[in-house]
Amino acid sequence: MAESGDGPKVLIAGASGFAGAIAARLVQEHPVFRLGPITARAEAGQRLVDLYPQHRVGAVLEELDLDAHAEQADAAIVGYPHAAAAPVVKALLDRGLKVIDLSADFRLRDLATYEDWYGEHPHPELIGQSVYGLPELYREQLAGAQLVSGPGCFPTAALLGLRPLAAGGLLADVVIDAKTGVSGAGRGLSHATSYVTITDSVSAYKTTGHRHRPEIEQELAVSGSDVKVTFVPHLVPVDQGEYVTCYATLSARVSADEIAARYAKAYADEPFVEVVSGPPNTRGVRETNFCRIHVQVEEHTGRVMVFSAIDNLWKGTASQALQSLNVMYGLPETAGLLPGAAGSVGVTA
Amino acid sequence: MAESGDGPKVLIAGASGFAGAIAARLVQEHPVFRLGPITARAEAGQRLVDLYPQHRVGAVLEELDLDAHAEQADAAIVGYPHAAAAPVVKALLDRGLKVIDLSADFRLRDLATYEDWYGEHPHPELIGQSVYGLPELYREQLAGAQLVSGPGCFPTAALLGLRPLAAGGLLADVVIDAKTGVSGAGRGLSHATSYVTITDSVSAYKTTGHRHRPEIEQELAVSGSDVKVTFVPHLVPVDQGEYVTCYATLSARVSADEIAARYAKAYADEPFVEVVSGPPNTRGVRETNFCRIHVQVEEHTGRVMVFSAIDNLWKGTASQALQSLNVMYGLPETAGLLPGAAGSVGVTA
Amino acid sequence: MAESGDGPKVLIAGASGFAGAIAARLVQEHPVFRLGPITARAEAGQRLVDLYPQHRVGAVLEELDLDAHAEQADAAIVGYPHAAAAPVVKALLDRGLKVIDLSADFRLRDLATYEDWYGEHPHPELIGQSVYGLPELYREQLAGAQLVSGPGCFPTAALLGLRPLAAGGLLADVVIDAKTGVSGAGRGLSHATSYVTITDSVSAYKTTGHRHRPEIEQELAVSGSDVKVTFVPHLVPVDQGEYVTCYATLSARVSADEIAARYAKAYADEPFVEVVSGPPNTRGVRETNFCRIHVQVEEHTGRVMVFSAIDNLWKGTASQALQSLNVMYGLPETAGLLPGAAGSVGVTA
Amino acid sequence: MAESGDGPKVLIAGASGFAGAIAARLVQEHPVFRLGPITARAEAGQRLVDLYPQHRVGAVLEELDLDAHAEQADAAIVGYPHAAAAPVVKALLDRGLKVIDLSADFRLRDLATYEDWYGEHPHPELIGQSVYGLPELYREQLAGAQLVSGPGCFPTAALLGLRPLAAGGLLADVVIDAKTGVSGAGRGLSHATSYVTITDSVSAYKTTGHRHRPEIEQELAVSGSDVKVTFVPHLVPVDQGEYVTCYATLSARVSADEIAARYAKAYADEPFVEVVSGPPNTRGVRETNFCRIHVQVEEHTGRVMVFSAIDNLWKGTASQALQSLNVMYGLPETAGLLPGAAGSVGVTA
């Protein structure tokens, strides 16, 4: 662990990825946390600012040195691919750090489900120790957590959108149609994410099953609605932004007013969830930790439709990790995550 | 009507709009049809090429002069807003022209439904005379039609996607989540379609009811499935392109193979519908009259998912009008709509 | 003027425009200034957040009431069109407010030049009282100013790029080729700024003379180089961002090292100008008050090439106004303009 | 060579690249040429339509087999990287095929210049046998050519823009500021061409010297103006499109009218060059073989400004190769390159 000083030092392991880089920036700009080592493999030796001029992080990326870097940090955010993450997470926990893992390694509580979707788990013994890092659902557990698993971006938007319905077992059936910006695919090179492929085109992908589906089902079940979800993501020509449209059939007749009241109540005190009076757009939450939600009952069919917008790299990944870290350290949950004095403004649309 | 000559002359009334301009271009490039007068109000006096350099139509836009222009044409494509279209359509019919109306005025067969969604109808007496201009469904009726109503862009993509399920009454329930490019909103100026609003953002719109819904329901019912549809359009940063994702619950247990066979059979001989083996993208059909469709059964839930991609201005509007016009005149249905010798290639994905 | 309180209150007159809205946001988030009334004409009665969800300003737009609003503010930022701005500026000055005018009304010091480009000037008597609000050039004069004229966005990028050459009379000739995002055209509706027009296209505009040219020439002359400038702006499919490429012929032989030294020295202590070692991009300065500059000598021809990147709405307009306001009030120049503790990081490229 | 049949068969070697794929499509749609084998390395075994659904070429990519494939073709278009191209070109020439090489291997006539910019030349003996494939300049030589070198995309736009000035030695000095779409970088994967890097950003690149500069200088010299060129390309968020802005100082005083007359005369009979009355945009020439040019004299400085717009993959590469092939085979130069009956329309702007 780092020497005592003004604030906890945060190691970013895997800082050259889109989310890791934003995490480094948010820690650098944070009023309490201090930026510890930032690491990368291929890009070691480069300054982060040269990869991401917009984040203005001048620190140099280093190859991860578990012993040395653990000495220089109190907490770590790990931005590794699944399966590669777990061993690093374990090593950092063993060295006394609090860890937020951005991979999928500790999101699923059921080992068999993990193995169905991701293959063998490197450290199944840690699964039970992890807290699911969605502060709106697990605020109390996060307070004392050593290991936190950052939710997937789609589950973040979907669960915040559906939670008030799922709680109380109201959800009988749900179709989740998601539209995501390209940054969600990560920084790895592929024809699928090149400019020429993406521009002026729309397409569905992973239609035979996306790994975020069992994660969504797990948390809806925890909330009270054990439901099989249809989840289809679409790629649209957007950089950062995720839009999740949920078509829900309820298990009981509930009036529109009652549903509105449920959402208002659920999120009245949430600093980062805004229930708005019309469909939000992703632009309005870009580069913020906010999730904007609109809910309405379709008279024609009785379906409940929920529209949920986030920035997939911020609330969907990096800034949500900071939100969790704030909770883990007993800091104000919004520390470093609101520009100036700005807070929620109850946006109409 | 125009003097006899090499081929029928086509008047484009409302050629300054996005779809009207493409119609003018397609007529100009057509091997048989000849471009008659092209008209516009605000832009009269300008050459179409100066509004749309890419279409290369050098003709000058004129104010519509019903008597004079009807004399110079055998057929007309009318690109007016609803309610404004019907009187022009009637006047052209009265003067002996074949007419394809791109507005909504003659899409709905039930007057009350029309009035619910669009207000008073200027010429209800003509409703029964119109043929719905989706050649894949109404080829025979189109052959002898004087008045054809061009389908809405969303209905085009949705109906081609769902028709093989609807036929035979298989469709019990369907959610249609559509993503459309901005050109679908037309050329009229609004903050909603400015570059700054659209770029890097996604949003649902008209979530309390879009006018294309009753049109979809009407044609699904005609096909055999009387079903209440949930239909939600989303605006994405795309110019031309429309992607319709359908989540269908069937009224009977049907195997995946059987569904595949239904689609293969339904579209085996269709020159402009391609059933592909994975989710299509809109880029692949941009500026073409093709509709690409992928269907799959979700094992997890038993739902049938259909993905349908078109260019909203081409197959969704202007080139489909030419396809209908080809049928109306007994020409090869693909005349002027295929580049060179190219035809369907049975795209894998 | 406003009652005394914690910090000066700032009226934003014309807050519904792109730049005015950002100014409102920056004042709201500012550690010292407080947001006073925000005004608009057509949008009066709406909350600013409903026009710009991303800025999170919950205040309601009001119609400007000079007497009432002047009472509630100590300073004003005026975001009106030229000619419309001057009378409001005068009225606010008369009521004792410090004023930053974002229009062109007080940028040009020569009345005849103003009238050549903009027509009759409503208040020529005020021209001499205005300070040109480019803090890097006029820091001292800004300290005591009552009236500040915000520079044009192109002049901001061009002058910061060329100043070290112009100073000392080194500039013999210069071609300025600018590429700008669409937001520079303002919020007014036009076909030229619709999504469909802009996407996937590049075009030059105002090639027979852009109003920012005399402004650039004026300030280069003040700096010591009286030179006729060729200036051509191009519109590219970008939202916020401006890239100015300058091709300069010097009046004396100067080595590449000496030029590098001049730039290094000129901007060593500037908090918002970064001289970088390769061509910058606009993404790296988006939504910041930074200007990134790269200078190099082309051996082949001896020309000096300067690349200057800003966000046209931030450093080019709104955040630069805040920078000036900080100077006018004796606050740290960076107050409210740097995220967290972040400062310049000497970006390599 | 292919057996005699209806039309010459064209082999596309390197058909998986952006330009090679378009060449394959254009040959497939051509009224006379027939598509021979199409080859690729990594993608061999795939159908071209699966890589590029929009081109609708159903043929399967094969690994190049010089002997077998030469037997099946009369001509070849080679889309290989420089240095890799020359040996294939030679092998195909040796087997009796007419060859159009899209690489840089035969563009520069001076071996030393080639080696300065590209390294050792694999077949310098062929340099003298190649004709520079810009039909507007070398139409006569193309008629009898066995080996044609396709010009670079920037040289195509720049030379068509400057030729009427260069001819007669009018060009004293020129700055060429180019803006190009991303497809110009080719299909190879790189962070520089990923969607996230490109969107909403502008940047100059290769500012210390781009390989197209000596090519431009070579052809301007041939035309009569031996001039050192400043050439700086910029990357903008565009897929296909290239915009070249030329700032020329003339060696003699020439009136605006005289310059206009020179351009009018130079291009009066050119089927693919349109001199327009205002700055063109790239959208207007997308997916066409047209080059649109606007020329004007800047009164303020006496400079001549030329704006030239092409599609970098079409007129800049693939369709221009077909134009040359038409000339080589004595076909109408526009065969297969104009939609329907469309021709030049003397676009105003």
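Note that the chains are named A, B, C and D in the order they appear, and that numbering of residues resets to 1 at the start of each chain.
The rule we apply is simple: a contact is a pair of C-beta atoms (placed from the backbone, for glycine too) under 8 Å apart; a residue touches a chain by one contact, two chains touch by 3 or more.
Being a predicted model, the structure only gives us computed values, none of them experimental.
J.: Rotation angle for the CA superposition of subunit C on subunit D, to the nearest 5°?
T.: For the C-alpha superposition of subunit C onto subunit D, the angle is 180 degrees.
J.: Which one of the chains is farthest from subunit D, going by Cα centres?
T.: Result for max centroid distance from subunit D is chain A.
J.: Check A-C against A-D and say which one is joined by more contacting C-beta pairs.
T.: Top pair by contacting C-beta pairs is A-C.
J.: Taking the mean of the CA coordinates per chain, how far is subunit A from subunit B in Å?
T.: 40
J.: Between subunit A and subunit C, what is the separation of their C-alpha centroids in Å?
T.: Measuring from centre to centre gives 37 Å for this pair.
J.: Taking the mean of the CA coordinates per chain, how far is subunit A from subunit D in Å?
T.: Centres of subunit A and subunit D (C-alpha means) sit 46 Å apart.
J.: Two or more other chains in contact with one residue: find those residues in subunit B.
T.: Correct list: 197, 199-200, 237, 239, 280-281, 283-284, 286.
J.: Going by the contact rule at the top, pick out the subunit B residues touching subunit D in the complex.
T.: Residue positions touching the partner: 25, 28-31, 47, 49-50, 53-54, 56-58, 199-200, 280-281, 283-288, 292, 336, 339-342, 345-349.
J.: Under the stated contact criterion, what part of subunit C meets subunit D in this complex?
T.: It is residues 175, 177, 179, 181, 197, 200-205, 207-209, 213, 228-230, 232, 234, 236-241, 243, 245, 247, 278-284, 286, 294, 296, 298, 300-301, 303, 305, 307, 309 of subunit C that touch subunit D.
J.: Mind pulling up the subunit C residues that touch subunit B in the complex?
T.: Going through subunit C, the ones touching subunit B are 18, 182-183, 187, 189-191, 193-200, 237, 239.
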